[in-house]
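Look at the two complexes coming up: chain A is in both, with chain B in one and chain C in the other.
Take a look at the complex of A and B:
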């Protein structure tokens, strides 16, 4: 199940030295994030202390507005563009992310946004341009190969292979979502942060993306946010539950999803247990 | 229902019809007063016709290039590099510049900027690129086509900037977040933003061209008033400045007023054609 890493003596030694840290991808301690707006401040993350384990598919669940997107955005420091104030500590593979060059961090920890957009260029260039300009891939054949591979993994290839050089802004919402996933995959990141990657997709594409995620997790660490408990059950190995900017519960997927310890998570999960009709009446 | 709809359609069409009517009205006036010159062939024989069309196009193209370069640079500077506090200072500077009477640019160009420009730009151009016809004239004098184009460019920069800046500001923040989330640096982010607003950039280009080709006072002061197919480093003449200069003798020279009116008509048509041409380019690019 785990990857086999080629463990050199040095790596072995450092692993022993770093001990616990090696097994966690992100270590977050007392993280607070405030969005500073003109006349008000939003306290979006409150004293979050949590670990995201390495080599495990981590799923973040929680209600709308509970801080899930903010949390992902903080892991790659993109939140800073929103005039945010941050306190606390985040270690990525043992390194303090706030001391890292943000651009280097972001090219290793790539995120797909909740509201994905097409870059104002062709479908092909949406994937090729970041490869060329950010990853400095020069070889045309290599780029072509990566574009195709990424589009196939995102279940978009068949729909766009005949119009790769048309503007990507003409694609549908679900296609743009898959394009954004392909764009991120093509960059070969160490970590993929996916913010509700199947929110705009039909069941078929959703299943396809899920199988891609399962395939990718062999090589890439994946953290993703979902609204769907069903999806969390299908994919998650590790689950973090957010409520009102706080982490309420975290742990192995089975533990958290099947035997929740807190009343708050139980209440959250029970919404999804109800019969559809009943739920409709409530709405 | 359908009646009220057609009524609302009419109300929507009114502003369009009014502005179209106004354009037509001026077109008719120009055509009416230039008919003698056109039908008698006097315009074709008038020696200033072609050189001044050439001169007007030349300085306007230089102005557009300068204005686009400046306005894009200013937009990026303001949005990407300046702290918020300085942003307001630069914006108000740009606004003030837009409100200056154009004769001030004329005086400044002749007395302050022009001599420096001649010594440090035009002379080197002549010296090193003089073998090209465009730079083949030794710039002993201050007035020249190049100087006029550059000052025109500075004059229309505020207008181009306001169009481009507004567009840049309204680019959805998701574009920046997307690029950042892929590990992009400043330069890639700027490039994608500019791509996103390319239509506004073309709009700024149209606006600058329209303003530059119609500008009269500053051009009349800076261009020199020499009617010929001038090199860039030589004095030249353009349609609007020719018209104001020739008015002094137009009333005592048979047919001249009509020729000048015909030139004004040509100016009008060049502006319209440029506008339509650019619209066509946008259409083409969309497909």
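Take a look at the complex of A and C:
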């Protein structure tokens, strides 16, 4: 006879095994998402069926309004704060996310938003507060160590080490975005969801963020949304292309970006090949 | 053509300047009157005017003071603030957090009606429900009638202030896995200056409220037909300042009228102090 503890271990082990066999981080089946926008219902995701592989930097590309950000927000159920209606199935490492405690899911699958936002507290507390509140870390030395480690990983330590207790709102946009990444990685997430984190940043800050992402890919699974094909080419290992709320094409980055199979993706990529700057405006 | 536009601009400029000047003159005249008449008892009797009871003897040249009236105002407003501010704030958090729930939308509509309704009605409700039943004019009942003013105001303003924060701040907290309670804590922290300033304004609002207190304190009848008007006062109940101002205005005794001005000065000073705090806080609100 097995006791409850053994069964829990078996369940956990089978999930891990399932994840290894399937080699997928997320398995999404027939996902539909609707939300209300100015008194009309938007069908943002339409029958999305796709797998996001583990241990690969996955980049989601597509035009504005194609549903890529909604898709990302659905992966850790943040979309629910907008009273979205959801149907379909999302398995995270074999576990149905809609049966998980949303707070636990979000602390494992952490998201960084497009617009850089600092919590209304000091630089130090921006990282320490979630650590204390979510991970229940109490030891001051442990918190100090985590704060420094996260800031180093996010390429921000050298810039802020002398003013850790200054208000975080005084930092520049690029620094706040790196602080947001540091805040997320301090929680030791299993997956990092990045929603166009460089959209509002200058080229130098973008370069900083990209180098941070490349450093982090060894440590954590990353799903990254961007509308810049050049950025996707620089970072992606796996690519998913969204159009009109549907997944049009997915696969290894080189395959999808260099030898697209569908006409719709070819058309999307050709806009960038013509004139990158013009394409940024169109997309 | 250009001359015509210039003339029109000039005319408009003169018109708005005259209108603003008139309003300013009116306010200055009112404040000046309050200050001039209100300071007479202070000049004559010093700080005693803020501590002693009103002297109701027609023979005595002494004014007395408005001490017990200030005390009763502080007790009533204090009790109201103590219950009303947390209640209003928590209701506001609910309205903000559950904007689409049926309870929230009904509550919001009702609170909006309460904000706009004549405040004297609340006094009548409390008077008919509690004062007549218990046959006591307790300060708590007066505070209860003021709750109808402070709670809707604070609740609606709290909800509206939190709604002006960037939605990404809330999304950031939720994306990190913070609980609903902790998320609201962060949001309140981001908007604390505006929230506190709003609370100060709400306190100033109830401080100057007269309608419900007149009924709850059950002095209207006494004032209109009782000994207060036609006979020299022999005793004054410790009513709030606002009610005393009303009574003093109808009094036949000149020194009670002057003490009414002093009560006005004290109330204006209190409200002015609260508005200054609110102003200083809102001026330093950080833009996220």
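Here is the rule we go by: the second predicted complex is superposed on the first by the 245 of 283 C-alpha atoms of A that agree within 3 Å, B and C clash if a C-alpha of one lies under 4 Å from a C-alpha of the other, contacts with A are read in each partner's own complex, and residues count from 1 in each chain.
The working rule: a contact is a pair of C-beta atoms (placed from the backbone, for glycine too) under 8 Å apart; a residue touches a chain by one contact, two chains touch by 3 or more.
On a predicted model such as this, the values are computed, not experimentally measured, just so you know.
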Legend entry - Combined model on chain A: chain C and chain B, fit or clash: clash
Legend entry - First (chain B), second (chain C), both or neither touched by A:187: both
Inset, instruction - Give one of first, second, both or neither to describe whether A:172 is in contact with chain B, with chain C, with both, or with none. - result: neither
Legend entry - Touched partner set for A:103, first chain B, second chain C, both or neither: both
Inset, instruction - Would you sort A:83 into first (chain B), second (chain C), both or neither based on which partner it touches? - result: second
Inset, instruction - Considering only touches as defined above, state whether A:111 meets chain B (first), chain C (second), both or neither. - result: both
Inset, instruction - Determine, for the stretches 81-89, 117-125 or 135-143 of chain B, which one clashes with chain C when the structures are superposed. - result: 81-89
Legend entry - Touching both chain C and chain B, counted on chain A across the two superposed complexes: 76, 78, 81, 103-104, 106-108, 110-113, 115, 117, 119-121, 129-130, 133-134, 180, 183-184, 187, 193
Legend entry - Of chain B, residues touching chain A in the complex: 172-185, 188, 191-192, 195-196, 198
Legend entry - List of chain A residues in touch with chain B within their complex: 73, 76, 78, 81-82, 103-104, 106-108, 110-113, 115-117, 119-121, 129-130, 133-134, 180, 183-184, 187, 193
Inset, instruction - Flag every residue of chain A that touches chain C in the complex, lowest number first. - result: 76, 78, 81, 83, 103-108, 110-115, 117-121, 129-130, 133-134, 167, 169, 180, 183-184, 187, 193
Legend entry - Contact footprint of chain A on chain C as seen in their complex: 100, 166, 168-179, 182, 186, 189-190, 286, 288
